[in-house]
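Read from first to last, the chains carry the letters A, B, C and D; within each, the first residue is number 1.
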Amino acid sequence: MAMTVPDSIDVTALKRDFPLLTGATMHGQPVVYLDSASSSQKPTPVLDAMQDLYETTYANVHRGVYELGAKTTDLYEAARASAARFIGAPSPSGIVFTKNVTESFNLLAYSWGRANLSEGDVVVLSTIEHHANLVPWLMLRDERGIELRYLTMAEDFTLDLSRLDELLDGAKLLSVTAMSNVLGTLPPVRQLADAAHATGALVMVDAAQYVPHLPTDVTELGCDFLGFTGHKMLGPTGVGVLWGREELLDAMPPFQGGGEMIRDVRLDGFTPNDVPWKFEAGTPPIAEAIGLGAAIDYLTTIGMDAVRTHEMQLTGYALQTLRDRFGDSITIFGPDDVTDRGGVISFAFDGLHPHDISQVLDQHGVCVRAGHHCAKPLMRVLGVGATARASLYLYNDESDVDALADALDKSAEFFLV
Amino acid sequence: MPGLEDLYREIILDHYRNPRNRGELAVPPAHRVEGFNPLCGDEIVLFVEVDDDGTVRDIKISGQGCSISQSSASMMSSAVKGRTVDEVRDLTRAFKAMMSIHESSLEKDGTEPDDDLNEVPDVKLGDLEALRGVVKFPVRIKCATLAWITLAQGLEETAST
Amino acid sequence: MAMTVPDSIDVTALKRDFPLLTGATMHGQPVVYLDSASSSQKPTPVLDAMQDLYETTYANVHRGVYELGAKTTDLYEAARASAARFIGAPSPSGIVFTKNVTESFNLLAYSWGRANLSEGDVVVLSTIEHHANLVPWLMLRDERGIELRYLTMAEDFTLDLSRLDELLDGAKLLSVTAMSNVLGTLPPVRQLADAAHATGALVMVDAAQYVPHLPTDVTELGCDFLGFTGHKMLGPTGVGVLWGREELLDAMPPFQGGGEMIRDVRLDGFTPNDVPWKFEAGTPPIAEAIGLGAAIDYLTTIGMDAVRTHEMQLTGYALQTLRDRFGDSITIFGPDDVTDRGGVISFAFDGLHPHDISQVLDQHGVCVRAGHHCAKPLMRVLGVGATARASLYLYNDESDVDALADALDKSAEFFLV
Amino acid sequence: MPGLEDLYREIILDHYRNPRNRGELAVPPAHRVEGFNPLCGDEIVLFVEVDDDGTVRDIKISGQGCSISQSSASMMSSAVKGRTVDEVRDLTRAFKAMMSIHESSLEKDGTEPDDDLNEVPDVKLGDLEALRGVVKFPVRIKCATLAWITLAQGLEETAST
């Protein structure tokens, strides 16, 4: 079935690096993993990096004079440097390790937000955001009375920019996704950032779905802050990143208080440490950051251009296959052109509820997500309670897409007899 | 390994395809209550009208959900209409007991089960028995109980006003 | 040299579970790891639990209908139940997974603190606290003008309770350590909690050093909140716990906002989820919580009574050995009686700076920590800038203590010629 | 594997055992500045008095620290006394350059080195050369640079007042 397109990634070879993809089964079927937008699988080099650390080197960071402590600290700080290079950040000091990108947003809202926003100040978001880029601002609105404005979604699943200047007028921050985790849409971050800066607003980018899938350069994107999360990019759970321009981070008050983030503590006050440590209170996710560093090395070796090319091809194949095989029975929520979108494909199918589709797919070993994808406002815009979502990554190939289509056939059979 | 037939019994699919008591009721006299399944986005809106003598006179359902949550709601509506609030409470307890066998063994927490479940009333579940297979699919238990938890909340609210 | 005391733990056998302790070297010497109070080593079953997860089962939690998602969620929630049982908590719902115990304190200070404390309200701490239980309250003091009062340290390194009632008068919260990470002191938590409750204050306990080393029962301790951290108890980095009485957690506002912690999100507001998920915004430390669960199973199999007995014996041996061999050249900061203390042994040695001691020890493969141990106020009380600290755990034995003493001899030789 | 002798050269131990310029100066005319090593708790307090013609007339050191930080401070005090602020700046740059070779290769960040280090002034370090071995013990670099960073801060503060 699968047509052969020229492809820079040898997926068959690459899959061997992913134990779960080659070894695990579900209901006796090989696993067809199409839920990487929720969380990706992890290759052996990432698992090995963490295992090695714990077996040969481990000690707490920034604390020990002894060699294990020094080596672990070096590995941890090297991961920070890798993360900086991976997103084109000018220096490692702008990289703050958090526990996930959700914490990156909360750090920004608590620290920068509470220091810079007061009643009536405007933050511009969009209606296609993940809850991670909504709830922290809603909390701040409840607490401080800031005003939230929303870029809305156009008919073609892109952001409607016609009212951009109006929305940005007087705004202090624009915080938007670089890739929707529901639609796959890639908003024009550079254009948005330039418009925001022109009105004096700062720009935060939710790159949770972007950094894992596209070459990223914060200077080219033109943003001031950017967040991403380790577990969606071949890394372990428990680690995320907030990158910020250093002078902005420098000026921000601490978020969480405790060990590591201080220079001095007295019973009547404390002096914070320099960035990035100022924002890393307590023992950080050491093994997790080092695992993320290994994931970054893995992705770098393959090349993010190759990843993007592969995913565009495969997304094209998936969209084509679904449309060819299911015609009007399937509704795909997202842009048509693969150059305008990433590989997350949300759909409605034959009036079946996503939960039910996913249950049948599960029986056939196919993992897709069914739900609101932590984007309830967007679900309301789309007029659905939930969607089914298949999402692609570098280790997927056309056979995975074919398996999805075959399993969708079965669910139609099962429910619609 | 439980198969799909354990989950999707014929009667469930029937209630899903032909849901009973869909719609809305005027508020008041009816009481309106909403329920969410935060994991999947399912929403249910119940309209329930209780007589002065404590009988569920009428019940209507709107909202959206999967086959399990929709059919569970539909079966529930048929089961509770015309019953007294006390009877509905017993039925709810019996239903939750059926659904929680697995859930509590899953949690392996070694703590006492929900007080509610200590004495399961001896109630015939009738058609609702068809949902027993859901316990083999723990993720879906919340789908099956959504309507019941929402109803319990609604009845509590009407009692307190 | 080592005298043989009856011991319920077979350390030689047990060390085999710890790859780093048996395999790693430092400067060509076998590693003598005496820095578990900073972070513990990890046994194979913990590493295997995480590796297994990633290789056979991994998917995001609470999101997927498919089997991998359901299984991972079961494992994650089972870890919560294990953590609850391990500290005698009445139900898993009181267990909130955080990234470390520092976050547990910040959660409490941000959520409970900001909802319940205003200008002039009193929080009682002690001068022997770790920065994790100081800085969040100092930040709240700067923001809200709350009053901080401190229990002080007595001559014998215990807390001075003579002014307890006075300090607690009108207090809203008492937050104290259950075991000092510098002195080893075990404050009488039950007595403190009863006194606090008598005046209407709530009680938070820093059990970062307690839960790993002593049998713990929150009901017996009589506290309302308790925090601990995975990496100090054989678990991985990246996970901590805040336990709270459920009705208190229920009444608290969310801390961080995002996915998972919500029931519904609209563009103009949100409804939080039930506890404990209300406090777990974003993808949680899944593998880390599961690793912590495996660590708890490991400790449970050995038995926390046996761990405590072993550590008391070994601490006794260590105190004796250091005093016998170094007499007046060594000053130990902490209680004398092993029933009153845990196995962290801070000391000053021969006027040498801890950094220099630790540097010589490093050359002999001995890992101890030199510094302020994130307890700068306590350093000032002790009248030192830093201490050297050797800390013991279940995998240490008398040979480790002897190696420490031998290496201390060498540092005296080196610096004092 | 570097040995202890690489770190603790005889001259370092000498300055540690017999620190030069310990004490305090009256403020003013001296300027007082504190430095912390947040990782180990070392604290240094410098008192530095600069003449109107820009010469470091006197310098005194108090605080506590390890042999490396103490001896580095002691050697620094001997080296800067009587020099002009500009000469001190060059010396500081040269010293930091010596200490940062290792640090920057460690960070492997591929970014440009600190501007300050682009042009290392051609200054004789003299006794200070003894601290070169510290770069093999990266954890201790901060001990060696603490006094210098603190002095730089102090001179900046006096210049701006």
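The rule we apply is simple: a contact is a pair of C-beta atoms (placed from the backbone, for glycine too) under 8 Å apart; a residue touches a chain by one contact, two chains touch by 3 or more.
In this text, all values refer to a predicted model and were calculated from it rather than measured experimentally.
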item	value
Intercentroid distance (Cα basis), chain C paired with chain A, Å	32
Between chain A and chain D, centroid-to-centroid distance (C-alpha), Å	44
Cα-centroid distance, chain C relative to chain D, in whole angstrom	36
Per-residue overlap in chain D, given as positions that touch at least 2 other chains	39-40, 137, 140
For chain C, residues contacting two or more additional chains	27, 63-65, 69, 262, 264, 355, 359, 370-371, 376
Pairwise touch network: line, ring, star, complete, or other	other
Pairwise chain contacts under the document criterion	A-B, A-C, A-D, B-C, C-D
List of chain D residues in touch with chain A within their complex	36, 38-40, 106-111, 137-140
In the complex with chain D, residue positions of chain C that touch it	27-28, 353-356, 359-360, 363, 370-372, 376, 379, 384-386, 414-415
Complex contact set, residues of chain B against chain A	1, 3-4, 7-8, 13, 39-43, 63-68, 70, 137, 140, 143
Residues of chain A touching chain C in the complex	19-20, 23-24, 26-27, 31, 33, 35, 38-39, 41-42, 47, 50-51, 54-60, 63-69, 99-103, 105-106, 109-110, 127, 130-132, 134-136, 138-139, 142, 148, 150, 229, 231, 236-240, 254-262, 264-270, 281-288, 355, 358-359, 361-362, 366-371, 374, 376-377, 380
Of chain C, residues touching chain B in the complex	62-65, 69-70, 73-74, 77-78, 81, 84-85, 90-92, 262-264, 271, 273, 277
